[in-house]
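Every chain is named by a letter (A, B and C) in the order it is written, and numbering of its residues begins at 1.
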Amino acid sequence: MNIIVPPKPPKSGVKTIRNIIIGVGMLALYIWTFATIEIPWDRIFSQRTVENFDRVIPKLFSPDFTFASRVFEYMMETLFIAFTGSFMAAILAVPFGFFAASNINRNPFLNTLGKWILNADRTFPEILLALIFVVAIGPGAFAGVLAIAIHSVGMLGKLYSEVVESIDMNVVEAMEANGANKIQIFFYGIMPQVIPEFLSYAIYRFEIDVRASTVLGIIGAGGIGTLLVISSRNRNWDEVGMILLVIIIFVSIIDYISTFIRKRIV
Amino acid sequence: MSKPLNTNRVPASLVSKDTKFRMNIIMLVVLALYILSSVMTNSSILRFDADFFANVWNMIVQLFPPNWSYAGVVVDKLLETIKMALIATTIAGILCIPFSLLAASNIVQNKFLYNFIKMFLNIMRTIPELILAVVFVGLFGIGVFGGILALIIFSLGILAKLISETIEAIDMNPLEAIRASGGNTLQVIWYAIVPQVLPQFVSFTLYVFEINVRASVVLGFVGAGGIGLILQQQLNFLSYQNVSTIIVITFVVVVIIDYISNKLRGRLV
Amino acid sequence: MIEMKDLSLVYPNGTQGLKNINVNINKGEFVVIVGLSGAGKSTFIRSINRLVTPTEGQLFVDDENILKYKGKDLRKLRTKVGMIFQNYNLVKRSTVMKNVISGRLGHTGTLKSILNLYSKKDIALAYESLKRVNIEEKLYSRADQLSGGQQQRVSIARVLTQQPSVVLADEPVASLDPPTSHQVMKYLKKINSEDNITTIVNLHFIDMAMEYADRIIGMRAGEIVFDGPASEVNEKTFEEIYGRPIKEDDIRGGTEENVETP
């Protein structure tokens, strides 16, 4: 058979060089990462780890049910922290949302500033904020609530501002033409358009905050994390198992309810 | 004599009575819940008193100015944090491939297997990475290893969910064509599924990398490696100026990583 | 070479897809299956490469009963029987070449195919196939940048690369305009006569059936209601197959003129 090979694909030199650079760069990054990360392999693959597994795993999967009521109590505190924090954030985020919406705040400088503040806020994990509040005002659920509230404002404010930016401005214009004043326009023209989405996002944020609140206790900011630290320090792994079980159940139920309500709202 | 307006016929309000009633009830319940939970967590409005603001202000003042001579230590630990996120994201990216195929309803015909994998992934996502880290540190001791494992498990849950949803949305016709020309299962995956989901796969993996960088910042609080360790340490030593150095540098690096990742993702899809 | 004996197929939901089919198709024949929507044309065709599995009777391809095939045997059968689809079924994001070479998958080891390690001969064959449908200069274009007719030609090239002895085509022109339809049918006819490939095509346009077929099989409600050479067929035959008068929709019309030349 007479073999006719297809022409080589047209390749621009720039692209080839770029791909080589990216490839070599990635390879170098991975080599550096794995070569310099400090993992004590001899300790991880030691007799002690095997013993740990024997001790921890069976207990983790046989939760201590006598511990359930205490776990439940702390889980409730977790929910309270999440709810208080989300509620505060849902309210605080309203002015921020309008401030960062380009169709309401028409000053481009202030508008960008608003967006930046919200973006910056979201980069601080709630647990880091909680740690700072624990130091500033002492340990307890209040520090956790503040951390949740402040962190949530970042995301809610951004989502709210997107909702506000998508409203039908013709309605606003029509009301202006009717001679309505700014406050009237706000309550009759804008709020009805945004309330369902605002609510939906606030509930979604509560869902996230429940998850986030479960860890606050680890650094002394209240909730079920408090128990987790104690139980794991005392190596009571059957108690840790119970804590995990309760978290899984509560988080799943709340996700389910939240999804259900949000579907009905919008 | 002009008749008075028949007030009975004028609607009493702008919305129907039922709607108004329901709205009021919901508002009351939410408000009551807020009052209850704010009392239970000892964080009612009354807590925002002069003392509170004085304490917070005091703290803020002590954070400044950052101590730049401490930056070297910070950069070292921050690099460790990023390495943890990179390793965890890579491993989760590889591991998620079988999971996302098994959790895609158009690929797996066995309903039981599919539902089982979906439920498994859902449960995996309910446990915060910090709690996973506590357990892994208990198993493997203090250090980055437990942190990386926690990140892997957590991001595996997110990635497999996102990618299985992408797979569920692909065009099934090419799969049939490859099968009809005699391709085996692996060839069907490689020739018909992979090209369709590759851009989203890369994009989601980058997104999870962003999440992992943020998450690994705090893993140190439970001894699972990274910058969180020195952050907690410096706070306990009351060296607030070192704390603010850590926060500022971490903040800048996280913003830069997010920015690059966003740019790359924007070009992919 | 293809023989169906008392072949029936009942879908899991109880629909009777095929009912007591007895048919014998010879090597190199160009058979067109006609019938209304839901008549069982697709089921007939897809039985031959076992994309669906008949529930009763026997189906021989090259004197082997294929109904019991599994795994390796099944894939071997499918390498021998190529298929062309109404919606081309190309991987849109992949290049034309990658789509065409995927016709070789059944002949290539898994590892080799995943690493793109095709022999020079395979690559040459793929290129040759593209040339035969006159679309070789689109070699490195992405499939989604091609027109419908071009995509269908790529899918013909994919089948050619497979070097099949049978080609099945399920409504290959249903998504194309009349001139392009004729062009695609001409290519199918060409490979049928040049390579002596047995070709079975589903169509519902009676004029195209009469123009290209050697033999026409008419189906209704899962049964064969007509089977004879194309020369014996006229509009009356179709009215009998369809069980209703011929409508304008049943005729594609047009010729290959005005089609953009590649």
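Just a few scattered comments:
Keep this in mind: a contact is a pair of C-beta atoms (placed from the backbone, for glycine too) under 8 Å apart; a residue touches a chain by one contact, two chains touch by 3 or more.
Not measured: the values here are computed from a predicted model.
If you sketch which chains touch which, every chain touches every other chain without exception. Between the interfaces B-C and A-C, more contacting C-beta pairs are found at B-C.
With centres defined as mean CA coordinates, subunit B is found 5 Å away from subunit A. A separation of 49 Å divides the Cα centre of subunit B from that of subunit C. Subunit A and subunit C have Cα centroids lying 52 Å from one another. Residue positions of subunit C touching 2 or more other chains: there are none. Considering their complex, residues 29-30, 33-34, 36-40, 43-44, 48-49, 52-53, 56, 60, 76-77, 79-81, 83-84, 87, 120, 123-125, 127-128, 131-133, 135-137, 140-142, 144-146, 211-212, 214-215, 218-219, 222, 225, 228-229, 232, 235, 237, 240, 244, 247-248, 251-252, 255 of subunit A touch subunit B. Put simply, subunit C touches subunit A in their complex at residues 97, 120-121, 123-124, 126-128, 130, 136, 139-140. Residue ranges of subunit C in contact with subunit B, taken from their complex: 49, 51, 75-79, 81-83, 85, 87-94, 98, 102-103, 105-107, 110, 113-114, 155, 158-159, 162. Those residues of subunit B lying in contact with subunit A across their complex are 30, 33-34, 36-38, 40-43, 47, 52, 55-56, 58-59, 80, 83-84, 86-87, 90, 122-123, 126-128, 130-131, 134-135, 138-141, 143-145, 214-215, 217-218, 221-222, 231-232, 235, 243, 247, 251, 254-255, 258.
Across the interface of their complex, subunit C is touched by residues 1, 3-7, 9-10 of subunit A.
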